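Shared between the two complexes below is subunit A, which pairs with subunit B and subunit C, respectively.
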Partner chain A sequence: MSAAGIATGMAVPARRPSRMERHRRWALWGSYAALALFVFVFLVPPFYVLMTSLKSDQEIAAQAGNPWFVHHPTLQNFIDLLSMPNFRGYFINSVMVALVTVAVSMVISVLAAFGLVRLGFKGSATLASGVFLTYLIPDSLLFIPLFQVIRSLGLINNVWCLALLYPTLAVPFCTWIMIGYFGSIPKELDEVALIDGAGYLRMLWSIFIPVALPGIIAATIFAFTVSWGEFLYPLAYLYSSDQKVLTVGIAGDLIRGDVFQWGKIMAGCVMAAAPPIVIYAFLMDYYIAGLTAGATKG
Partner chain B sequence: MAEVSIRKVVKVFEGNVQAVKGIDLEIADKEFVVLVGPSGCGKSTTLRMVAGLEEISSGEIWIGGDLVNDVPPRDRDIAMVFQNYALYPHMTVFENMAFGLKLRKFPKDEIRRRVDDAARMLDISALLGRKPKALSGGQRQRVAMGRAIVRNPKVFLFDEPLSNLDAKLRVAMRTEIKKVHQTIPTTTVYVTHDQVEAMTLADRVVVMNAGIIEQVGPPQELYHSPATRFVAGFIGSPAMNFLLVEMFDDGGLKMRLANGAVLPVPASRFERYAACKGRQMTLGLRPEHLTETQDVMHPGVARVDAPVDVVEPMGMETLIHFFIGSQPVCARVDPATPAHPGQNLPLAADLNQMHLIDDETGRVV
Partner chain C sequence: MVDGTRELAMAAEPPRAAACRRWRRLLHRRSTVALLMCLPMILLIGGLVLYPALYALYLSMLNRRMTAFVGLGNFLFLLHRLTFQQVIFQSSLFAISAVLLKAFFGFILAHLMHNIPNRHQRIWRGLLLVPWVIPLALSTLGWWWLFDPSYSAFNYVLKDLGFTPVPWLGVAWPARLCMIAVNVWFGTSFFMIMYLAALKSVPEQLYEAAAIDGAGAIQKMLYITLPMIRNIISVTVLYSLIVTFANFDIVRILTNGGPEDSTHVFATYAFQVGIQSGDVPLGASVSLFMFPLLAVFAYFVLRNVTRRGKEMAV
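Entry: the complex of A and B
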C-alpha cells in the first residue's frame, strides 16, 4: 500500500492471490482431505475397540442406543482379564519373546550392517541387496518350511521357538535400516578412528552405535513390532495355554465355539496394543529419522 | 626423527586405474611438504597410502626409519586432518581431542594436560564442552587440528583441510597452520589443489600430475625455475602465458610470434637455446613480466603491441587480456596505466625472465 493511499484514505483493492498461491491452496485442501479420510479409516477400528472394551456384556448385547458411545462405562473387562492367570501368562510370554527377539535381531543386524557397509569385502554390495530381497518373501510362504525346522528341533508348542523364528523375520529389515544409517556416516569418521587407534569393534561401539542411535531405535521398534504383533506363527506352532502369547491367547481363550466375549476381547486388544503405542509415541521422531536416513543423507 | 620416504610407490585401483605411477619422495624430519596438483593427480591417494588408509600396490613407504607397508594406521604414529573435519558428532570437543589418547591408555591427568595445552594454542579452550554441531567451520577445523596435535605424532597429514572454509577464513587458518608448525616442528605432509596454499605453507612443494611427480622444490624455485610446462602453468596466478614461437637466427637468436612480431632472445640465453634454432617452441612468460613500457628499455626487454580485449582492475594492479594470433595473453600493468578495450597498448616483455619449452617433451629448456 502506498503512502499516498494511506494518507488520503483511498480504498486499496485486495490483491488477487497469484496463480501459484491458488495452486498451493488447492494442493493443501487436497492433502487435508486425503489425510482426513486416511485418519478416519485407520482410527475408526481402534476407537470402536476402546469403546467396546469399556462396555458391560449387557450393553454390548443390547441392540438399543448408539453403538459408538459408552453409556455406562466400566473397567470390569480389564479387571476380569487381569485376574485371569492365563492372560498374565500370555503377557509375560509376549514380553519375554519380544525382548529376546529385539536383542538377537539387533545384535545380528548391527554387526551385519557394519560388516556389509564398512568392511568392503568382495561381494558385500550383492550380499546387502540379498539381505533386503529376503525381506520381500512373504512370511506366510515361510511358515511351512520353518515348521519342519522347528519340529526337527523339537520346539513345537514351545514359546521359545518364536524367539528363534522372529529374528528371521526382523533381521533383514533391521539390517536394511542399519545399512542405510551406517552408510550415511562419513567414511572419514572410521578413518580418523582407525588413525586414533581404534579397532573395528571399538569403532562400532564408540562411534557407529552412538552416531546411528536413531537408526538403532527405529530398527528396535520394528523388531519389537514384528514380535509383538505376529499372529500366524504362534497360531500354527503353539497350542497349550501356558505357551501361548497375547495375540493367539486372546483369540483362543475368549472365543469359544461361536461364543465371543467381545468386551474382554476388546480389553485384551487395548492392553496388547498399549506397549507399542507408548513406544511409538515416545520414539516416533527417531523411527522416522531412522527409516529415512539412507534416503536423505549422502 | 621422523623422515618419510616414499620409494617407487604405485597404486592401482580396481579396473586397472593407475592413480600413482611409481613415485619417489624423501621428506626430511620436521619438514613441511605440500603435495599439490589438479583433481585426480594422485596427491590424496599418496597421502592416504602414507596414512595406511590405502594399500600400496607396489613400492615401499618408510616412516621414521621403519618400513610401514603392512603396518595399520594406528601403529604408524601419524595424525591426520581431513577436509570435512571428521569430528565425532556425539562427543564434545574435549572428548574428540582426548579419544585417541584414551585408546592409547594415557593417564587421565596427562590427557587433560595435553588437551588443555593444545586448546590454548589453538584458542579453543572455551569450546571444550561443546559438541561439533555448535561450532563454526573454522572452529571445527581448529578442533580437528587440536585432535592431531594432542597425540604428538611423528607425522602430521593434512588432506585439503581448508577447502571447506570461506576465502577469508582460509587465509586466517593458513597462518594458523604455519604457526602451529613453527611452534611444534613436526614432519608434515599437506595435500591441496590450491597453489597459493602450497606456496605459502611449504618448505618444499611437490607438484603432481597424472600420477607422477612433475617437480619437487622450494616454492620460489618452482615459481622461477619450473622444470616442465605443467609446473610453469600450474604455479602462479594468473597463470603463465604460453606463446608458440618460431626460433630463428638472424645475426642473433630470435623468436617469431604467431602474429608475425619478432622478439630477440637475450644474449645471456643464446647458449642455452642454441639447439632450438629452426624449431617451433613455446615461449613462457609470466604476466608480471609483461608490463607497461618504461622510458628506458633495459637490455632483454622488448616491445609487444597489445590489442586490448578485456581490462580487469584489481586495485594494486590491472590485468590486461589480449590475443597474439589465437593465443590468449595476460599482462600485469600499473593501475595508473590508462587502458580500455579496443586500444592498442604498447607493453614491455622482460625476456630475461622468459622460459622456453620444448613442445615434444613438455620440459623447460
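Entry: the complex of A and C
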C-alpha cells in the first residue's frame, strides 16, 4: 500500500501536477489539519490533569493566573501520595485483583473457547451465542442482586469479592476473542497432534496457545483493562479504606467534606492511569486487535 | 464391528471393572472433554450472571423490608414518580444523543485516517485512542475539575474571551450537555477504530471500478462505502447504545444525579435507591427497567453478528 503510494509519488514530479493531484494534496493536508484538531480536543483533559498534578496546593488555592499552565512545578503531590499508606494500599489492591482476574479469566475462557470451537458437543453453537449475549449485559443491570449474593457469601467490604465478580465481565469477551483465533487455526494441525498421540489438553497447550498467542495477548489486555477501570462494583461493595481499589479510593479518600485536594487527586489519576497507558503504548496493535475482535473475527 | 468385540471383551470382566471402564470411555469422549472444559465458564456465568438476573426479577417484586410479595407494585410506583420519569427522559437523551454524536465524529475520523498514508496512521491512531485507554472513572475526575465552578479552566477561557462564566454542573441543562460531551470524548475513538477496520476491509477495486464509471465522492460513499460497512456500523451503534444507556461512572462522578435529581440515569438512580437508601427491591426494579430496551438492542446485535458468521462460513 505505502510502496504503491511512493511509486506513484516518484513518477509525478517530472510533470506539472495535474488538477487531480493538486486536489488530492489539498485533501491530504486538510485531513492532517482536521486530525490535529481532534487530537488537540482529545488531549485537553489529560493535559490539564497532568498540569494540575504538578501544582502545589498554594498555587491551586491562590486561583491566580492562567490555570492551564503550571508556574512552579513540583512533584510534592506524587511524593505525598506515595508516602500515604492508604494510597499504596489501593494500588496494591488494584494490582492483586487485576492479576487474579486476568489469570482466572484467561484459564476459564481459553478452556471454554477450545472446547466450543475444536471439540464441540450438543448445543455448543448455542452456548457460543449465549456467551456473546452475556458480554452485552452491563454491570449496572445486575449490581443490586449481586449485592445480595455477595452479602450472603459474606464478602461485602472484602476486596476479593471483586476477583469473583470481574471475571463475569471479562470472560464472555475473552472467550469470544479466543473463539475467533482458535477458529482460524487449520484443522490439519489437530489431526497431526492426535496422530502423534497428544491428548486434548496437550494439544491445547503446545499447539493452540502458541499459535493463537496474539489472541491471548489481546484477551489478557482486555481482562486487565476491565478489572483496572471498573468503578461501580468497588463503589457498591467496598467501604473501608483498607479494602478499596484505586478507582474509588482516589476520590473517596482525598475529598473530605468540601475540601478538595485537587493536586493530589489529579496526581492519583496520573499514577492510576499510568499502567493501562504504558501497556497500551507497548502493545497498541494487540490492544486494537482486541477492540475490533468483535467486528472482524467471526 | 469394533464395538461388538469390545462389548464381548467387557462381558467377560467383572461388573465393577466394566463400569469403571465405561466411565473412563465417557471421560475420554470428545464431547465430554469439551463439556468439562466449558464447565468453569458455565458455572461462572450461571452463578454470577443468570442466577442474579432471575433473582433480580424476584427481588423487584418484594416490598422494602423484603417480607411481602407486591407483584408489579414497585414498577407502578416508579412510573408514577416524577423523579423516575425524569430518569427515563435523561437516560434516553444521554444515550441517544451521545451515540449519534460518537457515530458521527467516529465516521469522520475514520475517513480522515483512511485518507492519510498507512505509515502515518500509527502515530495518529495512538494519540486519538488516549481517551479510550484511560479508565473512565479517572478521566471523569479530570473533567470534573475542568468544570469546577470556582477555579474552572473552561470559565477562565470564557472570561478571557469576554463571555460570562457558566455554572457547568450546577444547572440542569448545562450539566446534561456536559455529560454527553464527556461521553462523546470518551467513546468517539472506539467508533473510529471500528469504522477504520471496516473501511480497510472494502476492496480497493470497487472504488477504481466506480471511478472509471465516473462516480463522484458522494456516489462512492452512498453506493460502495455505506453498503459495505453497514453491518459494522449497526453492530457498533447498537453495542454502544447498550453501554451508554447503562453508563454509571460519568453521571455518578460529575453530578451524582444533581441538581435536584435532574441528571440521574438508570444506573445512578438504582445505586442511590438500592445501595445508598437501602431499598434493594426498588433499586432492582429501577435497573430492570433497562432490561427490555437492552434486550431489543442485544437481539439485533446478535442477529447481525451471527449473520456475518454465516456469511464467513459460506
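Brief remarks follow.
By definition in this document, the second predicted complex is superposed on the first by the 248 of 298 C-alpha atoms of A that agree within 3 Å, B and C clash if a C-alpha of one lies under 4 Å from a C-alpha of the other, contacts with A are read in each partner's own complex, and residues count from 1 in each chain.
Everything that follows uses one rule, which is that contacts are C-beta pairs under 8 Å (C-beta built on N, C-alpha and C of every residue); 3 or more make two chains touch, one makes a residue touch a chain.
Bear in mind the structure is a predicted one, so any value in this text is a computation, not a measurement.
Once the complexes are laid over each other on subunit A, subunit B and subunit C both fit without any clash. When both complexes are overlaid on chain A, the residue A:Val149 reaches subunit C alone and has no touch with subunit B.
Of the two partner chains, subunit C is the only one that A:Leu127 touches; subunit B does not reach it. After superposition on the shared chain, subunit A has more residues touched by C, the comparison being subunit B against subunit C.
In the superposition on chain A, contact is made by A:Tyr280 with subunit C only, not with subunit B. Contacts of A:Tyr48 after superposition: subunit C is touched, whereas subunit B is not reached. Residue contacts after overlaying the shared chain place A:Tyr32 against subunit C, while subunit B stays out of touching range. Contacts of A:Met20 after superposition: neither subunit B nor subunit C is touched. With chain A used as the common frame, subunit B approaches subunit C to a shortest CA-CA distance of 6 Å.
Across the complex, subunit B meets subunit A through its residues 51-53, 72-74, 76, 78-80, 82-84, 86, 88-90, 99-100, 103-104, 147, 151. Subunit A makes touch with subunit C in their complex at residues 1-2, 5, 27-28, 31-32, 34-35, 38-39, 41-46, 48-49, 52, 60, 63, 66-68, 107-109, 111-112, 114-116, 118-122, 124, 127, 129-134, 136-149, 164-165, 167-168, 171-172, 175, 200, 225, 228-229, 231-232, 235-236, 247-248, 250-251, 262, 265-266, 269, 272-273, 276-277, 280-281, 284, 287-288, 291-292, 294-296, 298. Every residue of subunit A that touches subunit B in the complex is listed here, in rising order: 186, 188-189, 191-199, 202, 206-207, 210-211, 213. Partner subunit A is touched in their complex by these residues of subunit C: 30-38, 40-42, 44-45, 48-49, 51-53, 55-56, 59, 105, 108-109, 112-113, 115-119, 122, 124-131, 133-139, 141-143, 145-146, 148, 150-153, 156, 185, 188-190, 193-194, 197-198, 201, 232, 235-236, 239, 242-243, 245-249, 252-253, 266-267, 270-271, 274-275, 280, 283-284, 287-288, 290-291, 294, 297-298, 301-302, 305-306, 308-309, 312-313.
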